[in-house]
Amino acid sequence: MTRPITLFTGQWADLPFEEVCELASGWGYDGLEIACWGDHLDVALGATDADYIAGRRQILDKYGLKVFAISNHLTGQAVCDDPIDQRHQGILSPAVWGDGDPEGVRRRAAAALMDTARTAANLGVDTVVGFTGSSIWKYVAMFPPVSQEAVDAGYQDFADRWNPILDVFDEVGVRFAHEVHPSEIAYDYWTTRRALDAIGHRPAFGLNWDPSHFIWQDLDPADFILEFADRIYHVDCKDVKLAVGNGRNGRLGSHLAWADLRRGWDFVSTGHGDVPWERCFRALNTIGYTGPISVEWEDAGMDRLVGAPSALEFVRKNLFDAPTAAFDAAFTSH
Amino acid sequence: MTRPITLFTGQWADLPFEEVCELASGWGYDGLEIACWGDHLDVALGATDADYIAGRRQILDKYGLKVFAISNHLTGQAVCDDPIDQRHQGILSPAVWGDGDPEGVRRRAAAALMDTARTAANLGVDTVVGFTGSSIWKYVAMFPPVSQEAVDAGYQDFADRWNPILDVFDEVGVRFAHEVHPSEIAYDYWTTRRALDAIGHRPAFGLNWDPSHFIWQDLDPADFILEFADRIYHVDCKDVKLAVGNGRNGRLGSHLAWADLRRGWDFVSTGHGDVPWERCFRALNTIGYTGPISVEWEDAGMDRLVGAPSALEFVRKNLFDAPTAAFDAAFTSH
Amino acid sequence: MTRPITLFTGQWADLPFEEVCELASGWGYDGLEIACWGDHLDVALGATDADYIAGRRQILDKYGLKVFAISNHLTGQAVCDDPIDQRHQGILSPAVWGDGDPEGVRRRAAAALMDTARTAANLGVDTVVGFTGSSIWKYVAMFPPVSQEAVDAGYQDFADRWNPILDVFDEVGVRFAHEVHPSEIAYDYWTTRRALDAIGHRPAFGLNWDPSHFIWQDLDPADFILEFADRIYHVDCKDVKLAVGNGRNGRLGSHLAWADLRRGWDFVSTGHGDVPWERCFRALNTIGYTGPISVEWEDAGMDRLVGAPSALEFVRKNLFDAPTAAFDAAFTSH
Amino acid sequence: MTRPITLFTGQWADLPFEEVCELASGWGYDGLEIACWGDHLDVALGATDADYIAGRRQILDKYGLKVFAISNHLTGQAVCDDPIDQRHQGILSPAVWGDGDPEGVRRRAAAALMDTARTAANLGVDTVVGFTGSSIWKYVAMFPPVSQEAVDAGYQDFADRWNPILDVFDEVGVRFAHEVHPSEIAYDYWTTRRALDAIGHRPAFGLNWDPSHFIWQDLDPADFILEFADRIYHVDCKDVKLAVGNGRNGRLGSHLAWADLRRGWDFVSTGHGDVPWERCFRALNTIGYTGPISVEWEDAGMDRLVGAPSALEFVRKNLFDAPTAAFDAAFTSH
Amino acid sequence: MTRPITLFTGQWADLPFEEVCELASGWGYDGLEIACWGDHLDVALGATDADYIAGRRQILDKYGLKVFAISNHLTGQAVCDDPIDQRHQGILSPAVWGDGDPEGVRRRAAAALMDTARTAANLGVDTVVGFTGSSIWKYVAMFPPVSQEAVDAGYQDFADRWNPILDVFDEVGVRFAHEVHPSEIAYDYWTTRRALDAIGHRPAFGLNWDPSHFIWQDLDPADFILEFADRIYHVDCKDVKLAVGNGRNGRLGSHLAWADLRRGWDFVSTGHGDVPWERCFRALNTIGYTGPISVEWEDAGMDRLVGAPSALEFVRKNLFDAPTAAFDAAFTSH
Amino acid sequence: MTRPITLFTGQWADLPFEEVCELASGWGYDGLEIACWGDHLDVALGATDADYIAGRRQILDKYGLKVFAISNHLTGQAVCDDPIDQRHQGILSPAVWGDGDPEGVRRRAAAALMDTARTAANLGVDTVVGFTGSSIWKYVAMFPPVSQEAVDAGYQDFADRWNPILDVFDEVGVRFAHEVHPSEIAYDYWTTRRALDAIGHRPAFGLNWDPSHFIWQDLDPADFILEFADRIYHVDCKDVKLAVGNGRNGRLGSHLAWADLRRGWDFVSTGHGDVPWERCFRALNTIGYTGPISVEWEDAGMDRLVGAPSALEFVRKNLFDAPTAAFDAAFTSH
């Protein structure tokens, strides 16, 4: 097995980076997908300060951890979003939030994404995982009526704001892996097709395959891998459990908090949900994906100190290699 | 059969009111659920001008049509919505839109809803059907993270804005029937529970049962009737067809237009979709609902001049009365 | 189409026989499956009094109705039942109930079944439809624990009580068609196998195929026809609708009355439920069944005066004959 | 993990109590749910004899086992049952059975239940698990027709017989946890609602949650926990596997013995069936249940010496605690 | 509604052509899809004899019938098939069968297909419907093991044999519409992709959409229309009913005859099966298909004289046009 | 646990026999089901040469392996097949293939099967596992139309060719266990019934139960065991995973290679697919099967050196014995 298994540090950013390294290393993870928040990775420093980068590397080396991708979902979210409100203030650094003027926030977020590409390059990493935000997600219910023009404008806005960012990615030789997700410009199969069209299918823009929002939308996560084979730049393992069927729990979550069992679905530790992991891992074999398999651990009903090592165990057990010869070759060996 | 079958005029507001009356009467509808837009019903006039009301009545009488409810979804939408944007401008009267300043729009919409209650009373109708809007619908994806406080504030905002409106409803003896629907404060089972709690379960606020958004959210429309038996103030028949299952069509619609077959669901003419109408009509019998059954016709793949009469035929055929004696009574009649 | 469609009069026994004849004839039924209760058919008279029989025939002839089977479910129920209680008193004639001593009731019920065979013969009818009762139905939950001996004894009791009755059936050339049904010795597939074994597969004992209790038990009514092809002596059409799935409505009915929507299933007018009628009618074609198709109308949510004619219409439309030549015969006709 | 895992001794009562203690202790169980039959626990002694209680305690202590609940299903069954027959004789102590006169049996059973409460109190245990019996279970098929009055009388009989027993429970500070189960007054969701109504929702009467009869009735065992949150007094883990679907195996079991694969469902070792254990354990977390999780082992196709330790292993692995902080808290920790 | 509904005459070729015309016209069909067997259409004559063509036209005109496509499934089958055996002798004209030498049969069949194109052109028809045959269908079970080379060779054989035929089609301005079907080079979604690749996607080769073999293979017939939008050259309506699920009836038909209810699926009259016709017709609207909708009637359990008119009625009722304006356009018409 | 777990060597025949013995022994297998190809077992020698047999035994003994059955699928395939082509050449020994003349191949294959019986007897083994081939498998699509006579002739051909072989089996006291499989005379439930009829149900001909082709045909593998209880002579464990449902992947495999995720189903390592193993093993207990459980390992997406030991672990864990006493026996032990 050559594919490394990493831990995404985003849900651990309340802990100091080194503590997370120690935990992940102790559980046997091969590396980290480092989040660009908390004290884990500062992209302003990372883009410009070689000592800072060296310091991060030193900690990773101390714990025998590799890094194949860094992630900046939170800042990416603000690049296209509309409205920009207190939710964004909650997740953005003070520098990006600034005075909170929406257009200013968006511009500073875009600049920070460029820095994220530079940080990745400096760190020797070729992939940045993240979100794009979307100016038209708010139209999802299609009421009040939304014109085709309004939808088209949303994809154009995405292209206009991300193309300059992707130019920097190209400059420094790094790829952006967008996580298909509600709230984003691409949140399902057809919007992913549309978003790739909008950006002219430029190679700098690919996908972070995370199936956790596919299942409850009735999307097939393994088919998704086969269909977007050349754009699967990174893999995040997060699981989800459907709980509809009693006629009262709905697909839209009812404004209820995570772990509330009246929700129609919820995130659960990898292997505890409805994602067909084995078929998905076989699909990754089929397309020749050799990058990291990263555990993004979210389960509001399980302690993370229990969940993170058990997710690692689950992934290791199900991530087997394809053979080199067909089984029926033996029938003809007379 | 004593329950009247009416046609909701909202999707016909591009036609003059009298033309719609002529059509509906010709098809055999018993009456109309009159939309407060187009030239169908002007609530500013209706609230104050007895002659205007008399004129509307005259047209209805000419075509032998009754009216049991009037509807003001479009203006109601603006009472709580945030953001207020060009979508609202598209559906609001110039008077309510005014300069488009969001808070002003919301206040004028609230005032128009009060006028809608007065118009209903003047017209001799005890029910206004409509939408509430919602300041927290935009949080539906729960990302960026939404605090419990933000959700609570949304329901409080709803209560704060609608209680004064409902005071006018109480004054004039009219009830508001909210249509449970995405984009609204109550869009599924649990949000309906929460919205009723927020408003203190005051009798002025009930529900317009329309199952078309229940099916794709996996809600049981018949159970909904039984659970909210004392709040079913009006019934709208709109059907919906699921088209998920191929792994690519999603529950959220992919920003695709109506009738695009890549959508995971779409509205269809009543009787052509997945709503279990017969069980729902039996549930209405069970709770003793005797009000109108209104056809809200929406099917982007069928001509409405074909669809409206066939929907009427479907409803008439499936809307049978309950018997007065049990079938096994005959076993003991020796 | 040569198979006649009849109406079972059991659920109409509160009306005088002639009134039911008039109704059935008016709706277009070909004949009746006459219930042996109410004033419809008195088996004590029928067994012995030729004038009585002639009188019944006269009424039938007056309305152009034929009769292919008579039914005595209610009395048959008492032949094996244990306990015998006030439920039986409610459905038995005073003569059979007598002093209500259980064993006496059972013996008088058995004698009445013999008279039912004689009545059928006198009426020129070769089939009696009915129930057997069961001394072990009460063990259905298997708690308190039930020994294999206790179950075996129940089937033996059935054989012991019914063999003498069936001897009379053989004498007069009439067959008994047991309706597979909860409360009876045979209520599903395997108990039907066991009951036929118990009775030595004697030809006097066959089955009335009524699928209404098959669906909610997850039995396949069409396969049942194919499996018991040589024992399908009569066909009753009663439909049933499942309403489980919300996690609260149960398969066992919750001691709730018919038409209560909290029941996990309920009887509905033929064609309104989950019975795959077309496949069942094709199965009847396959086994060469040419007897009557009888509508046993039960729907606690629909008026019977609406339901009976619409059930007839449904059956007529779906009861088509098989062709005489294969469709691909035409491919070779050069 | 603070919730203890216990073994219900009912299916081991053919073995001496101490032998069961030794086995359970050896497998790693935290304690026992002691059955009041075999030689495990004598409630006549337990209610009155402090030495007897001390002796039981001594054995438990010797094997390091705790006890949180005792169970008297077998005697409880006789309190309301009708008919009382040889099945009851098989499971009752000679003292309770006496001369077998039904009403006498019921009265002695009721008295024994009062003693069971006293025994529990003497043992320092606050919960008695058991069955209620039912005078109307035999009406489950609803044929011969059952009047509403007859059903009502059944619930009244339950209340009349159990209220005096529950008075003793209140006196000694012990609760009764009824196991929802066919043959009992409450066997599904709606009958549980009705039974609680009948008893005035008095706190002395709660529920033993055992999902094994829920699945085949199509009830949702996790929703049941949420709906009856304040009445979940005890938890029994027994699993069940559905085997319907071939059109021949029925929901009612066909009078077939356990392990006969023609049954439509059968009990299986916990974790081998269709119960969604993880969601159920999460539901128990949600309602704050901190009592014992008791393994009631029944699997007629597996040796119990294999099954009991493997069920313990399964439960331990799936019974995880909820975390104290939300996973997305880390997103805002800048 | 401008799309004509035609009757495919293949299953009626045992009747004289004029008799079929009379029947179809009497039932109200708009035209015919004429089979090139029986006496319906002789392609040797049709390709060369103007009088013959005029004669056919005369009969059609006499009965007011149009023709939009002709069909030559039976001869097309022999173009690629291997083995060629008595089954082919049964369906081929003596002239094509000749001495039955396989390669000779294939060559004569190819020549007859060229004549079919010429006949179509002479008849003023732009579409020939039919089968291709396949030299690799016999490998469907993949045992004995089949090499990739063997599969590739089959597609090459198809291209080699059909390209010269299609050259003639191009010459005379007619298209071939292959019916995706077991036994053919393209029998499902992926083999259709592969066959189109093999033939270089030349426009002369398109598809006859017939969903009857899609359902039992678990293919989505509506998605198929959307995916192969530019190749849907003709539409045949044949329905199919699945009958698997009892664990004994299999997907492969068990060598059982049509109408045998032990088959896992069977053809049924259009509207009596599992094809989602309405969604399919909407898909045809979406891709702008304006050609004929042809009823290919096959139901071994229904008389064709009953089935053909009822299929026409079903199709007419479900084949509605799309509207020209969106339903929510009316919301903005203030 | 007394049932031995063996490894079928067919998929390992590219390795020398002794190497396979060493591997299987090292993983903990109890024995082998030896394939009669590669160098594993030569039936020409085995039938006649005692030293050869002794040599094989010696190797088995060296590794502590037992043998309960030998397998000759590849040669058996040629006994009835038509056509005989290069696929057969690929899997047959040169001696059986000879000049490739089909009838000669069939005759030599039949003779080799007789030798296989003799080899089994010499080896002290009472079961030969294998395939029959079929002259009518090629008719599976039923187009071109297949007459009943042609189907009947296929079963007759099977009987004619296999009865003489089975005579030899009877002579030497060995049974043939046919593996129900596409390409064979019996490939599903009804064809198995038909094949057993054709052969007069002679005891020499039984079945090798291998569920891997049952699942995708929608057959119930556990019911199959119960229905053919007296013919289950051997058990092979091969698993299969369905991948239909996206509307594009079909049941027939699309001529795609193993491990291609566009196939509608594929073989997977035992325990990774859709076979309900536990219920099947319980069914084997029910019929009293005490023979070997043989792992036939095929998974084109997993390395066999990983798969073979993990399949053994899976089978060992799920293959538990039935108990000797019922669990509710303990309820009556007072």
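Order of writing sets the labels: A, B, C, D, E and F. Residues in every chain begin at 1.
Throughout what follows, a residue touches a chain if its C-beta (ideal position, glycine included) is under 8 Å from a C-beta of that chain, and two chains touch if they have at least 3 such contacts.
Predicted model only: the values in this text are computed from it and were never measured.
Common neighbours of chain A and chain C under the contact definition above: B, D, E, F.
Interface residue usage between chain C and chain D, two copies of one sequence, is largely shared: over half of the residue numbers at the contact are used by both copies.
Overlaying chain C on chain E by C-alpha atoms takes a rotation of 120 degrees, rounded in steps of 5. Farthest from chain C in terms of Cα centroid separation is A.
The greatest centre-to-centre distance from chain D, using averaged C-alpha positions, is reached by E.
The distance from the centre of chain B to the centre of chain C, with each centre set as the mean of the Cα atoms, comes to 46 Å. Rounded to whole angstrom, the centroid-to-centroid distance between chain B and chain F, based on C-alpha atoms, equals 63 Å. Contact of a single residue of chain C with at least two other chains is seen at positions 74, 90-91, 144-145, 220, 223, 245-248, 257-258, 262, 328, 331-332. Put simply, chain F touches chain C in their complex at residues 144-145, 328, 331-332.
Within the complex formed with chain D, the residues of chain F that make contact are 220, 222-223, 226, 278-279, 282-283, 285-286, 320-324, 326-334.
Residues of chain A touching chain B in their complex: 74, 77, 83, 86-88, 90-91, 136-148, 150-151, 154, 181-183, 187-191, 194, 216-220, 223-224, 227, 244-258, 262, 264.
Touching chain E in their complex are the following residues of chain B: 10-15, 37-38, 74, 90-94, 241, 243, 245-246, 257-262, 267, 272, 297-304, 306. Across the complex, chain A is touched by residues 245-248 of chain C.
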